[in-house]
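Some structures to go through are shown next.
Same chain, two partners: chain A is paired with chain B first, then with chain C.
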Partner chain A sequence: MLLYFIKRLLMLIPVLFFVSVLVFLIMRVFSPDPATIVLGQHASLEKAEAWREQMGLNEPIITQYLNYMNGVLHGDFGVSYFTNAPVTGELLARLPATIELAVIAIIIASIAGVFFGIISAVKKNSIIDNFTMTTALIGVSMPVFWLGMLLIICFSGWLHWVPSGGRIDTLMRPMGGTGFYFYDTLVIGDYEAFFNALQHAALPAITLAGYSMAIITRMTRSSMLDVLHQDYIRTARAKGLSSWRVIFKHAFRNALLPIITVIGLQFGSLLSGAVLTETVFAWPGIGAYSVQCILRSDFPVIQGVVLIVAFVFVIMNLLVDLLYAALDPRVKYSQESV
Partner chain B sequence: MNFSKTKLFAAALAAVFAVTAATEASAALSRKPQDNLIFASTNDPLGLDPALVDDNDSGKINCNIYESLLAFEPDSTNIKPSLAESYTVSDDGLTYTFKLRQGVKFHDGTPFNAEAVKFNIVRQMPENMIPKMSYASFVWGDVAEVKVIDDYTVAITLKRRNTPFLHNIAMMYAAPMISPKALQEYGNNVMEHPCGTGPYKFVAWDKGQQVILTRNEDYWGEPGRTANLIFRTMPETSARVVALNNGEVDIINGIDANVIPEIKQAGNQIFSAEGMSTHYMFFNVNPAQDSVTKDKAVRRAIAKAINIPEMVQSLYKGYDTPATTILPKAIPGYSDKVKPVAYDPEAAKKELAELGVKHLTIYTYSGARIYNTVGGQVLAEAIQAYLKAAGVESDVMVFDWATYKNKIITDTFDIGFMGWNGDNGDADNFLGLFASDDQINNNGLWFNQEYRDLLAEALTMPDGAERNAMYEKAEMIIAEETALLPLSHPQILGAMRPNIENFAIHPIGLTFMHDVVKH
Partner chain C sequence: MLLDVQHLTTEFRTRHGVVQAVRDVSFSIEKGEILALVGESGSGKSVTSLSIMGLLSSNGRISSGRILFNGEDLLTKSEHALRRIRGNNMSMIFQEPMTSLNPIFTVGDQIMESIQLHTKLTKKQAQEKMLHLLDLVGIPNPSKRVKDYPHQLSGGMRQRIMIAIAMACEPQLLIADEPTTALDVTIQAQILDLIYRMREQFNISVLLITHDLGVVAEAADRVAVMYCGRIVEDGKTADILSSPYHPYTLGLLKSIPRLDDNADRLYMIPGMVPPPEEVPPYCAFADRCSRAQDACRQGLPPFIALKDRNVRCLNYITEDQ
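So, the complex of A and B:
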């Protein structure tokens, strides 16, 4: 198991190397020179040249890449072209917001998705099944941006139930701390602020959960249907076990592997920054920041974000694989299975 | 094994306690609504060091933290004393001697004096300047020497006469005074540790979320009227409008004509004022390229084909003013005697046919700009339609902003679009662009020796009628040569709750919040 884990970790290296080369080439070779916009209204050709020189953009592309990777290996993703601030710090400052939102969203998506998936499978071809599957189809197809705006207009604009954006009312924000507002507000016992943060997270979390929930529902349904047709389920029913016991103890546990895979991958994608959701709800995470940086061609930040996203995805894949062993005793990770 | 697990658990517990101890509620700031003025805008500021930024999102916050030697009047770019109580100019127009206000302190307690002024200027002189200081050469580029006469007197000598100098040092980019102690402490970069002398001081910047300022109780003048200022970042216009209508925020900017009815319907107020920016179409006259617009007759015929007032009304729904000259009305030197080429579609059609112009290439950008809220593509397509009516087909090539800025330097095309946001209320700030050999500023590379001589002479002349007449003449040359086509002067738009008093956006786009009250 340990050997498998180490080998899988080592496999990260070529994946991240390939991603780093790809994103570097796209940013530095195929993208426009950002000098004239970095320097703003008072840019000049002379100033642009001085800036390129200062940022090392006149070096051969290989040298630029090696310098960049040397920094990355030391935890330094360079500095933002526009703010001169270290990219690592800028991303770390926004990471808690993204993680907090992703965790809430995946909890909502998993609970609701699994619940509706099971109901759908058990009541196959019933009105409930058709309704759930149609809703899931809408969930998959509906643009996040549109859903977010719809929820804001409805629940914030018309009903005034929740705020339209942000993470917490400004003066309730906990000072210092971890940056995870739910945790920080609970730690200091400021329950008013905790519920305020919860209200703020409601709409973005539901918006973000929408797509994942639909995917998880469909996967749960299809996986459950496969299992429900197995002989051992028929045997279990023949033994006179109660319906819920057959569904949850025999069928669901065996249907869990693909569901876990989907949840893991969805969580990876949510963690990597919900670009549109964060922008619509003014949620100050990595996703909204990426949009801002893409719009103004702030390449070092975009490179940093892409590398982190790739890293998160690969790690999530690994964790999902490791979970298999915990869930299914037949799965053993030996040297041969690598 | 057990021992290491215990140690690990103890370490984790210690870390949790350390974090817990460092966390506190924002109790230091009042939670009373009337003490907190919340201003929502599109972007996070780039930073809070006025020497290192050039964006309005930073400027509108910085103007409440920092002050310059001089300041602009609340509704114009006329200058008034600020950190300098008075000044004299030597007979040769080269040396400016400033008497500084006494008893002023930076927010960190450092006294403001002549040494602090010198420190701030020397920081941005060519030998110390870094490329990101994009306004340093504009504001301080002509400075030859800064001399401390005594604690509260400083003399600045220029290399050449530069009439806009006094306006430049009233600006919120490069000109504001920063605590020398803070600059030394934070490695010559106070982007995240701003420290000025202004009526509000910095509390916190939650990246991507908000910047919080609180009243400077030791301010040398009347203290700010609201206790706390909160500048929130909300990228989506619709979300900002909902937040305003709900009362979650008090003021918003970055709105366009489409959302105004909804805002008014909710009982909120609209703020609109003549801005200080210009939006124009330029022709490619680069001598090294093969473009039909190098021919003045072609440019004039194209100008005749475009009904600018009609187009501006249709695109901006009355919230932009059709332009007749590059200078906005509020700038000294503006003249209504300057007449652009009149709209005459029949003449345009005839002349373009005679000149053999059948096809043009239009380059434009994809998104909206401050001076063009409908975006470059919509604008280019409007121009394309006018050209088609005049019998000329055209291709509209749309690029993202960064690509566009590069393409108009490297490619051959006929027509492009650009805009300029006034910095200091001086005519040279606008017209000087087209006297440059730098293609980033003079995009079409138009060249006219008479125009350049006029601009060079006017730059060194004292303010007044004679100088204004020279700019009027320069504008007439632009109109006659049809080097470019002024399109519009955008209005500045904002919206606020009905309980907000005294809020205004300055013509150069800054928001001084000192007198704003929330009832």
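So, the complex of A and C:
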């Protein structure tokens, strides 16, 4: 098991290497000259040349790449063209917001998705099943920004239950700390601020969870339906077990593998920044930030974001694979024999 | 009499409308007796067994008949009461040992589950019982094997585990649905022998479902032949195999390839089994039968009680033929 884990960790290196090369090349070769964007179209040629020289853009591309990767390996993603602030700091400041939102969203999506998926599968073709599947279809098809705006109009505009944007009221913002407001407010015992942060997170989290929940519901249903037709389910019923135990102990645990995969991938994409949701709710995460940076060709930031997203995805995949081995004895043994 | 099935009819809702898979089937099993239910695929044998266990899929239902187990009608019992009988007084093993065990639990867990569900044994007692059971069904080195997962065992071993699960609460009736079909010939004999030994040791009754007359000859006391959801002939195994009265039974027996037969082609019954939704209202075998007369297509032949058997045929074969 440990050997397998180490082997999988080592396999991350080539993946991340290729991602970094690809992003670097795409940015340098296919994107317009950042000098004209940063300095304006009417900047003099000398000024632009001086800026390129200063930013190291006149070096051979291989040297540029090596310089960049040398920095990355030391935790330095370069400097933003626009703010001149270190990219590492900019990203670290925004990551907690994105992670916090993603975690809440994936918890909502997983619990609700699995619950409705199981009910749908067990009560196949019933009214509940049809209702759930129709809702899931709507959930998958509905544009996220539109769902977000509907929720804002309803719960913020009409009902005034929750604020329409931001992470927390400015005055309540915890100073210092980790940047994870839920954690920070609890640590200092400021429950009012915690509740305030929760209120702010409610709508974006539900919006973000909607799509994932629909996907998880559908996967849970189809996986459960598949398992419920297996011979060993008949064996379990022939033992005289209650249908509750047949469903949860014998069926659900077998149905979990594809569900875990979907949850892992969904979590990966939530973590990499929910661009639309963060924009609609003015949520200061990396999703909204990376869009700004793409629009103004801020290479170092985009590279940093893409590298981090790639890293998050491969780590999520690794975690899912490890969970596989923990859940299904057949996986564990076949891997040890490799 | 342990099990008495009376006029059982089971139907399924399908795309072709409601289809009867089992039609007016009656048979009984005495204590300690092995009854074989024989027939081709689709003849209704498995549905009969699932009806008795109360494990029909959600689109199936028993539309008429009675299933008396120890004199009590199972069809009038609640699901809760049935669960206490299932796996306890009455248990079942299936055709596919490769897929009938849950892949993510150890075989030990799966046997323990049955024991602990129906008995009040402590965990330690249950474990001892499990090891004893595994020893009984011929699993070598039981204390080590209980920690194995199903995929680590061979088909024959898994079927032994299934039998151990079925025997966990010393049932009165064991329903074995094609228990040897998926296994190698040598393993088949071992599994049959094991079922036979269980019967001897615990005096259980066995409903053995098979399409293999070789298995019947080896194991069963009595045999009932099914065709298109109906029993067409039943009686003592020796009588029926040595002199079948129903043309279908004869056809089945003639279809067994024999080493001493020099014929160029193997015998087969002409025609095909009609699909359940197209079973005619007269003798279902008439259209494939060389002895069929006009009367055979007039209506359903009655179940004729003869000296040593029952047969559902108007023009049955007599011994002198």
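We take it that the second predicted complex is superposed on the first by the 328 of 338 C-alpha atoms of A that agree within 3 Å, B and C clash if a C-alpha of one lies under 4 Å from a C-alpha of the other, contacts with A are read in each partner's own complex, and residues count from 1 in each chain.
Keep in mind that, in the parts below, a contact is a pair of C-beta atoms (placed from the backbone, for glycine too) under 8 Å apart; a residue touches a chain by one contact, two chains touch by 3 or more.
These figures come from a predicted structure and were not determined experimentally.
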Simultaneous placement of chain C and chain B on chain A, clash or fit: fit
Which of chain B and chain C A:A236 touches, first, second, both or neither: second
Partner chain in contact with A:E59 - chain B first, chain C second, else both or neither: neither
Which of chain B and chain C A:D76 touches, first, second, both or neither: neither
Cα-centre angle that chain B and chain C span when viewed from chain A, reported as a multiple of 10 degrees: 160
Partner chain(s) touched by A:D129 [first = chain B, second = chain C, both, neither]: neither
Which superposed partner A:D328 touches (first chain B, second chain C, both, neither): second
Chain A residues touched - chain C or chain B, whichever exceeds: B
Smallest separation in angstrom, by C-alpha atoms, between chain B and chain C in the superposition: 28
Those residues of chain A which chain B touches in one complex and chain C touches in the other: none
Interface residues, chain A side, partner chain C - complex: 230-232, 234-242, 250, 253-254, 327-330, 333
Partner chain A, residues of chain C touching it in the complex: 53, 55, 82-88, 91-92, 94, 96, 99-104, 106, 113-114, 117-118, 149, 151-152, 162, 165
Contacting residues of chain B [partner chain A, same complex]: 19-20, 22-26, 28-31, 36, 38, 43-44, 46-47, 52, 54-55, 130-132, 134-135, 137-138, 189, 191-192, 204, 206-210, 212, 228, 230, 232-236, 238-239, 242-243, 245-246, 248, 367, 400-403, 405-406, 409, 420-421, 423, 438-441
List of chain A residues in touch with chain B within their complex: 31-34, 36-48, 50-51, 54, 82-85, 90, 93-94, 97, 149, 152-153, 156-157, 160, 163-167, 170-178, 184, 187-188, 190, 193, 279-282, 284-285, 288-289, 291-292, 295-297
